[in-house]
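Structure incoming, see below.
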C-alpha cells in the first residue's frame, strides 16, 4: 500500500543530498531550521515528534508521516500513544485523513516487525 | 495511472480491519460515524454519495474519490450525473483538481468495464 | 459572529462588478463558467447547490458557504437536508470545519428569519 | 487583530448550543468524539492540547487555535513550551502560518493578562 | 470588506515585534529566511513578489496577499501584470479563491488611491 | 521516486483526451481557460510558468509540478531561477513541501539529462 519504509529512507537521503548540492542557500538553511525544530528544549523530543506526526497527518503528507513515525519509534513511543495522537489527527482533519492513517499504521507495523 | 479499483478495495479492507483491531475506541467510533453519514435520511443515498465524491475531489484524495466512485456506480448514477458533479469540483477546486479528475474518470471507466 | 448575509451580498456584488470592469478576459470567463456549473442539467439545481455548499465547507471558505446557503434556501431545501449535507462536510473535513459550521447555521437562521 | 478570547468563547458556546438543538444526531455524536479525543489516556491532557494547537495552526483555523490556546493555558503549559510547539507548526506549515501565529500570540498575551 | 491596508501594516509590525521579543530562536530565524527569499538573485524582486502573491492567493491567506500586494505596488508592477498573476491563481485554485480575489483587488485599489 | 516524466506525459495526454471525449462542456471550457492563462500577455510565458510551478508546489500537486517543470525547461529557465522559485514555495508552504521538492528536482534532473 505504501512505499516500504526502507525505500522511503533511501530515496529521501539520496534526494536531500542532491538538493543540498545545488548550492541554493535558502533551501539549505531551511533544512537546518527544520532539523533544529525537533531538538529537545522546553518540550522533549518525544512530544515534538508527536507534534510533527500529527501536523503531517492533518496536512496529509505520507512521506512526512513516515519520517515522523520512524522517529516516534526511535523515541520509544508506544502503539497506544501513537494511536491516540493519530486519533486527534483524524478528529481534526476528518475522514480525508483515513487513507493516510491506513498507510501510517502499515508503516508502524513494518517498523515494529523490523525491530 | 491509479491503483486499480480492485487493489484499492483489497488494501482498504485489510488495513481498516488492522486499524479496528488496535482497540483505539475513538478511531472505531469515527469509522462508525463516517458510515452512518452516508445512509439515506432527509437526503437519499445517491445525493449523499455525490456529496462525498465532490468533497473528496476538492480535497484531492484519490482513495476517497475511488471509494465514492464505487458507491456512485452502485447507486446507479449515470456518467452525465457524475461528470456534472466532477465539473463542480473542478470549478470550486481549480486546475489542481485535474490530475485527480484524470484518475477519477479512469476509475469510472474501470468500473463500467467490470460491469 | 459572521458578517450578516445582507452585508455579504452587497460587498460581493460591488467587488464582482469592480473585477469585471478591469478587462481581464480570463477572470471574466471563469466567472461565466462558475455560474453555468450550477445550472440544472443531468443533476437538478437543488443537488448542485448542495454540492457547492459541501465543497465550500470542506475547503472552509465562509463567503462561499454563505453564497451557497442563500442559494439552498432559494431552492427550498429543508433544514434537515442542509444539516445532513453539512454533517457530511463535518465528517469528511473534521473538527476544523466546526467554526464554519457555526457561521453556516447562523447564516441559515438569518435567512429563515428574513423570510 | 483577532476577536477577543472572551467574545470567541461566548459566540462558540451560543452557536454550539444552537447546533446541538437541531437534532442532527451525526453532528451531535461528532461533537462528543471531538471532546473525548483530548481526554487523558496513554497521552496526558497537556500533550493532547499541544497536538490540537499544532494541528489547528498548520490547518490555519484561528478559532481552533484560540480554543486550544485557552486549554493550553488551563493545562499550565509555559510560554516557552507553547512557542516551541508553534515553531514546529511554522516550520511544517510555512510562512502562510505567520498571520495565525500573530493572532495566536495575541490570544496568549490576552489570556496571561486575564490571569 | 477587508481590514484596510494601513491597519494591516500596523498590526503586522506590532505583533511581529512582539513575536521576535519572545526569544524563540527558531521563529526568529524563520522570519529572517522568509525576508531573504524575496531578495533579488537569479530572479528579480518583481518576479519574486508575484510568486509570493500567487502562492498566497492559492493558499487563501488574506494577510499574506495584502503584504505581497503592497510589495508588488512598491516594485511598480502594473494592474495588468497583477491581474494576470491573479488569474493564474484563480485557475489553479478555483472559485474558492474568488472571495480573496475580491479583497485583493480592494487592497490594490486602496494602494493606488493612496499614491 | 516519482513516475518518470515520460510516463506522466503519456498518461496525461491519454486521459485528457478521454475526458474531452465525454462531451461535458464545462470541463472542456475549463481546460481551454487553463491553457490560455499561461499564454504571454502583460507577463511573459517564463514568468507565468514560474507562477504555475510555485502555485503547484505550495498546493503540493506532483503532476502539476511536473507539468510546469517541463514547461519551465522549454522556456529555458536556468536551474538557479527554478530553485529560487522553489525556495519561495518552500518558505511559503513549509516543510510539508519538501517531499514534492525532492520529486521536482528529480524531474528537473531527468529533463536536463534528456536534453
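Chains: A, B, C, D, E and F, in written order; residue numbering restarts at 1 for each.
Note that in this section contacts are C-beta pairs under 8 Å (C-beta built on N, C-alpha and C of every residue); 3 or more make two chains touch, one makes a residue touch a chain.
The structure displayed is predicted, hence computed values, not measured ones.
The chains in contact with chain A and with chain B alike are C, D, E, F.
When the CA atoms of chain B are superposed on chain C, the rotation angle comes to 180 degrees (nearest 5).
Checking C-F, D-E or B-C against A-B, more than half of the residue-numbered contact pairs recur only at D-E. Put simply, the chain farthest from chain C by mean CA position is A. Of all residue numbers used where chain D meets chain F, over half belong to both copies. The two sides are thus made of the same residues. Centre-to-centre separation of chain B and chain F, using mean CA positions: 26 Å. If each chain is reduced to the centroid of its CA atoms, chain B and chain E end up 36 Å from each other. Per-chain Cα centroids separate chain A from chain D by 23 Å.
For chain B, residues that reach two or more other chains under the stated contact definition are 26, 30, 33-34, 37, 55-56, 58-59, 64, 80, 83-84, 87, 90-93, 95-96. Contact residues on chain E toward chain B in their complex (touch as defined above): 58, 90-97.
Chain C makes touch with chain D in their complex at residues 1, 60, 79-80, 83-84, 86-87, 90-91, 95-96, 98-99, 101-103, 105-106, 109. Residues 11-12, 15-16, 18-19, 22, 24, 26-27, 30-31, 34, 55-56, 59, 61-64 of chain D are the ones that touch chain C when the two sit in their complex. Residues 26, 29-30, 33, 36-37 of chain B touch chain D in their complex. On the chain C side of its complex with chain B, the touching residues are 33-34, 37-38, 41-43, 47-48, 50-52, 54-56, 58-59, 64, 78, 80-81, 83-85, 87-89, 91-93.
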